[in-house]
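Okay, so chain A shows up in both of these, paired with chain B first and chain C after.
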Partner chain A sequence: MTSSMHNAASGEAASTHSWVPHPVKVVLGVVTTLAITFLGLLVVTFFIGRVVPIDPVLAVVGDHASASAYEKAKIELGLHLPLWQQFLIYVKNVAVGDFGESVLTANPVIEDIKRVFPATLELATMGTIFGVLLGVPMGVVAAVHKGRWPDQLVRVLGLLGYSVPVFWLGLVGLLLFYAKLDWVAGPGRLDIAYEYLVDPVTGMLLIDSLIAGEIDVFLNALSHIALPAIILGYFSLAYISRMTRSFMLEQLSQEYIITARVKGLSETRIIWRHALGNVMVPLVTVIALSYASLLEGSVLTEIVFAWPGLGQYITNSLLQADMNAVLGGTVVVGAVFISLNLLSDILYRLLDPRAK
Partner chain B sequence: MSDISSPSSTGVKAWLTSENPESHLQASCGRAYYAWLDFAANRLALLGLIIVGLLVAVAAFAPLLATASPVAPDLTQRLLPPSAEYWFGTDELGRDIYSRIVYGTRLTLYVVVLVAVIAAPVGLLVGTSAGYFGGWVDKVLMRITDIFLAFPRLILALAFVAALGPGIENAIFAIAITSWPPYARIARAETLTIRKADYIAAIRLQGASSWRVIWGHVVPLCTSSIIVRVTLDMAGIILTAAGLGFLGLGAQPPLPEWGAMISSGRKFLLDQWWLASIPGIAIFVVSLGFNLLGDGLRDVLDPKSGD
Partner chain C sequence: MRRLMGAALIAAMAWSTPALAETPKDTLVMAHTIDDIITLDPAEIFEFSGAEYAGNTYDRLIGYEVDDVSKIYGVVAESWDISEDGKTYTFKIRSGINFVSGNPLTAEDAAFSLQRAIILDKSPAFILTQFGFTPENVKDKIKADGDILTIETDQAYAPTFLLYCLTATISSVVDKKEVMANEQDGDMGHKWLRTNYAGSSAFKLRQWKANEVLVLDRNDDYWGDKPAMKRVVIRHISEPATQRLLLEKGDIDIARKLGADQLAGLEGNDDIRVRQGEKGAVYYLGLSQKNKYLQKPEVRQALKYLVDYKGIEQTIMKGKATVHQAFLPKGFLGALTETPFSLDVEKAKSLLAEAGLSEGFSLTMDTRNTAEITEMAQSIQSTFAQAGITLEIIPGDGKQTLTKYRARNHDIYIGRWGPDYQDPHTNADTFARNPDNSDDAKSKPLAWRNAWDIPEMTKQADAAVLEGDAAKRAEMYLALQREHQQVSPFVIMMQEIEVAAERANTKGFIIGPAFDDNRYYKVTKD
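Moving on, here comes the complex of A and B:
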């Protein structure tokens, strides 16, 4: 972590000298921010894990341990050291992917996370695809018809998305489309009949089943993921369509649009080629941000749909007071979230020549 | 004379819209009146205000409005569908869902008010100090703000609740600690635009201390943007608190918290739909109210940020 501090110093120095090429400077600056933000995350999780909670020694030895057993466990856990040394050890462990062992599953936490993370990734990815495929065209149409009914419709859909509890929408969705109409499969990732038919390669069932050539399994998995992905994706749809609308409104008022109209270009071409083309850069950053928030937001969706992902893992561990697993999961989600946030920042600055 | 003792509506209106206000009070009342006209022209915002007003009223008069105890079980009346006696039906312990919803408004209001009261002043203080002092104070404070802004909020709140133990106070603390950074950002941006103003220089020349300048002359100017942002955030706060309640980490039974009610009604979803559906509708209506109100306030108080 000291090396990142040096990076910080050299990054500062670099910004005062003009000989460093611009993209390198951007990446350096972002890497520094990434390192500092991540260190901040570790400070918080360390604080939560070591300072606030129930005595971590008691969690290991139990309530009725003798004083000597307690002392021994305390030294084994490194808890007799000063706090700052404990923190350094913690940072070192996290850096090599060691989050300790889960009390609940008796596996190393990192193994558990590797097992459950692909399910969350699959869900969030499908949700984002849904949100982008519908949200971008809806935003464009709303901007073109500003103030008329398509615009109002998008506005209302957005408002509903910001106001409805995701877990409730999931339950109502299950009630309607699974129990009553039987259009989609129920909770979980696969029907029991299809389980263990494909070997995990990526851990994402949709991809694994295609690799194995098992179309039945693919279709079953698709039927299971459809409802949770659409419900999760609805929130990214609400956000993406709103942002697309406001970006498009800004572009459509520009002079080059008038020029294009004067040239006699078709309205379709002006809107979908010229204006949307210029909206792409900020839109990419918005999509990255919404992807990050879906990864996090999948916690509640996973609980409702019994989806065996990271969110469910964290929540189950939490209810069992399994702090290693909770904090390990928090660090992983935090790291992905922070990286995506900053990735969107880099993309924006690299792609948009005006944002210097 | 009669005009003063019982002012007709035109008299009041003339007083409010007077071009030459005679007192500070009259001028501010007039300003508020014009802001209100702007606001009231937006029917959706008015609807939001009505919903939020109803929420406050229901919370205040809960004992009068409720038809039964929100917590006392009556096992002879389990899982009854909505009827004239039980407007929203009864739950698995025979409690009247309508009365639970009515008392639940108190918990919802408790959460949003406390989070706002904790998070907004912290953000305001951090942001105005960073903006006013500049230099290394600004760098350090904003770096901390950015760190908190980059965190996944729900997961972090989960981790905090895991450490502190489930409960509504801990849930409030966890939400507050993850929601102050946007206020700090806004307050800093506002402060940067006013710190160089002549009147700030004049106050400093009079010998006012930095804290006096910040507290008396910078903070009041940032407040309207913060209020708009807080109102817009209320829906998110309600949804997060309900989510924590749904996971069993927020308010504990037998408290009538809406998220926890959905969670316990989940088991009966297929046959007794009202257990889980009705609290969800309550959460939705209240969040929608705050969203509409926030949008309306933004258009009136902070027109530049609207689209």
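Moving on, here comes the complex of A and C:
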């Protein structure tokens, strides 16, 4: 306590010398924010979970169980205790890293998340890469050709990506590229023939297969992930290209662009270097947020592609009133959002020319 | 690095490894929905997919022919005897069976498995405790001596009642040594067995990833006929359209959860064979007797004439259910196959007029938000309307509507009920028995949930379970169902059909009457 006060005090002192906050103060601030955010998350999720009109005991014992089996399960789950006591016990366990057991999978929640999160991470990362690589250039092109056909084309593509239901797109994609054209592999993460060839290290098959040096497995996994990643990526592409366009339009009307043109810089250099360079700062936040939303797990895409990810896990658990799993999953999603926010803050500083 | 991966992704779009068009010859690959599995311990398993797992991996004392369930034969038990007074059953245990662990299977294992299920007292335990066993007395009532297992019941029940209960999942024989070696805090190995395996049957567990995949390997030391398949992979694919695509493409051998739409789409495809098996589950409406309208016998009768049974069978549930109007499903001893009700709006109207309700009235129906149940509910809504009854559908998730139903807060509940074991008492017990109709009753059979107070019918059902003569017993159930069909607050509509669509080269998958009877050991692939 004394040392932190001391540090905080020295932080105060430091701030009088310079606008850069003392690192300890920054860390403390971040830790406090994290703790409050997580606690808030737990409170909200826990109590929402308890007011949902679903009997959690029913999820465990089923509809046909006898009264004695029902009572026994209720006590095992700790549901006979008052609500506040249940919550305190839960928070106490979480504080020491114990998220409890999922009643649906018979596994510790942590184990389940270790299994499902890498699948989502892999898919979301590939989707975001796709969305950024296509979305940013599309947004730039649309801004440069504002009001002309490339702009319209990007707008139509973007609107489609935004408004077409993702499960429909997924099914049509499967029908076309998997069933008819045979360009990609079907639902699931691997063909049966390639299962069990690679030991899980990261849980992400693309990486694990490379670590194991199994190129066949890598290609098969790539072929499986391509379609769902593109479809997820299409959704973020729509968002990223719209945002890029509007950021770019703002920049292109700035005086420094006119100056650059007057100085005779090539148009390519002006657009892709100067204008886009300045757009990067807000764009990073947009991309980070879109990545974070993919990392929550896209339930519909996961269902259509039989992708065993976080979205299906949390949804399933919620519908079955498996509160430990729901709370565990929520904490992970919360952590993802908070860390991506932090990351984009850091990138912000690195990319902002004024911070250099 | 990111750019490289991105390039690889784009490359994969244009030029990708073609998907394998075939599954390995010695592996059976199925698409199924297995998110209902919450445990692999046979003493706790009470879910459809879990029962199927146990049916393929654990042996029971006895079994029955899937085509004719009245033919009961020994499995782990070589033979059995029933005492004069009808209360003591002795089973001689077959020698030469080994568990996958290598331990020999003995009468001690058989006794332990039943005792364990009763002591653990998990959801399905009532299947055994209804014979008077309690955690306290079970070690005296169920005993092993040499190769003989003795079971002593509290009353002289119909012999098939106990025998059928011994064919249920909960009666699976587990490896005592293996299970007890993994005991934690006196849990009789329960925590361990929830995710592990200790059996002796044709297949053994290789891997279970919840909501993802269940993989079984052949038990090469199996004492019976060796299965042709070396491995069975059951993938969780919740979207039926995806299952269909995988099947047509040849990436799976059998699709287990197709809807009426997908089945219609597969018609005329020579590479695919669709097979059906009648299951025991019935679809019904439960009419709460707490509702002032539904209390009237004429109203209950009228509603039975306001369901378009044929229409539902031929459209919404095409290939997935047949019209059935009694509480015992076809295939059970004493099942009533008469279907006296059909959509008859005029008759319903005159019944409603008799009840003084020709002006019409309003009801609500709690409806699980799955496609099939919702569509059935909509059909019922429209036929009710023809007689002036306004039906409001209250959609909800399955657990949510069930919670409300069990709290007796519904008007009408549209439900599905599956039998727990192969004896007729399983459904009589819930549809036609209600020993305590008070709000705080311990047991909550369907009759209780609909607040239907039936002391007389409860006595009749109790008498039927004690009748030793099978023919007489069947007559008793027939009489019970005829009365029930007319007066009960249950509109029993359909019996479920299980459908499996298979690749033409895949043969021998058995679709039995119960979920434990869906067997893989005879599957072959050309």
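We take it that the second predicted complex is superposed on the first by the 257 of 356 C-alpha atoms of A that agree within 3 Å, B and C clash if a C-alpha of one lies under 4 Å from a C-alpha of the other, contacts with A are read in each partner's own complex, and residues count from 1 in each chain.
Assume a contact is a pair of C-beta atoms (placed from the backbone, for glycine too) under 8 Å apart; a residue touches a chain by one contact, two chains touch by 3 or more.
Keep in mind that this is a model prediction, so the values were computed, not measured.
Asker: Of the partners chain B and chain C, which touch A:Asp182 in the superposed model: first, second, both, neither?
Answerer: second
Asker: First (chain B), second (chain C), both or neither: which does A:Ile303 touch?
Answerer: both
Asker: Looking at A:Ile48, would you say it contacts chain B, chain C, both, or neither? Reply first, second, both or neither.
Answerer: The answer is first: A:Ile48 touches chain B but not chain C.
Asker: Have a look at where A:Lys72 lands relative to chain B and chain C in the superposition and call it first, second, both or neither.
Answerer: Second partner only, chain C.
Asker: Please work out whether A:Met248 is in contact with chain B alone, chain C alone, both, or neither, and reply first, second, both or neither.
Answerer: neither
Asker: Check the residue A:Val154 against both partner chains and state whether it touches chain B (first), chain C (second), both, or neither.
Answerer: In the superposed model, A:Val154 contacts neither chain B nor chain C.
Asker: Figure out whether A:Val26 sits in contact with chain B (first) or chain C (second), or with both, or with neither.
Answerer: It touches nothing on chain B or chain C.
Asker: By the touch definition at the top of the document, which applies to A:Gly40: first (chain B), second (chain C), both, or neither?
Answerer: Touch partner of A:Gly40: chain B, not chain C.
Asker: Examine A:Ala124 and indicate which partner it touches, taking first as chain B and second as chain C; both and neither are also allowed.
Answerer: Once the two structures are laid over each other on A, A:Ala124 reaches no partner at all.
Asker: Can you pull the chain A residues that chain B and chain C both touch?
Answerer: In chain A, positions 52-53, 167, 171, 174-175, 179, 303, 319, 321 sit in both the chain B and chain C interfaces.
Asker: Write out the stretch or stretches of chain A touching chain B in their complex.
Answerer: Result: residues 33, 36-37, 40-41, 44-45, 48-49, 52-53, 159-160, 162-169, 171-172, 174-175, 179, 245-246, 249, 292-293, 295-297, 299-300, 303, 314-315, 318-319, 321, 323, 326-327, 329-330, 333-334, 337-338, 341-342 of chain A touch chain B.
Asker: Touching residues of chain A toward chain C in the complex: what are they?
Answerer: Residues of chain A touching chain C: 52-55, 58-69, 72-73, 102-107, 112, 115, 126, 129-130, 133, 167, 171, 174-175, 178-179, 182-188, 191-193, 195, 219-220, 222-223, 226, 229-230, 303-306, 308, 312-313, 316, 319-321.
Asker: So in the complex, which bits of chain C are touching chain A?
Answerer: 2-3, 5-6, 8-10, 12-14, 16-20, 23-24, 27, 29, 35, 38-40, 46-47, 121-126, 129, 194-195, 209-212, 233, 235-239, 241-242, 245-246, 248-249, 251, 397-400, 402-404, 406, 420, 442-444
Asker: Contact residues on chain B for chain A in the complex?
Answerer: Answer in residue numbers: 143-144, 146-148, 150-156, 158-164, 235-236, 239, 242-243, 246-249, 259, 262, 266, 269-270, 273, 276-277, 279-280, 283-284, 287-288, 291-292, 307.
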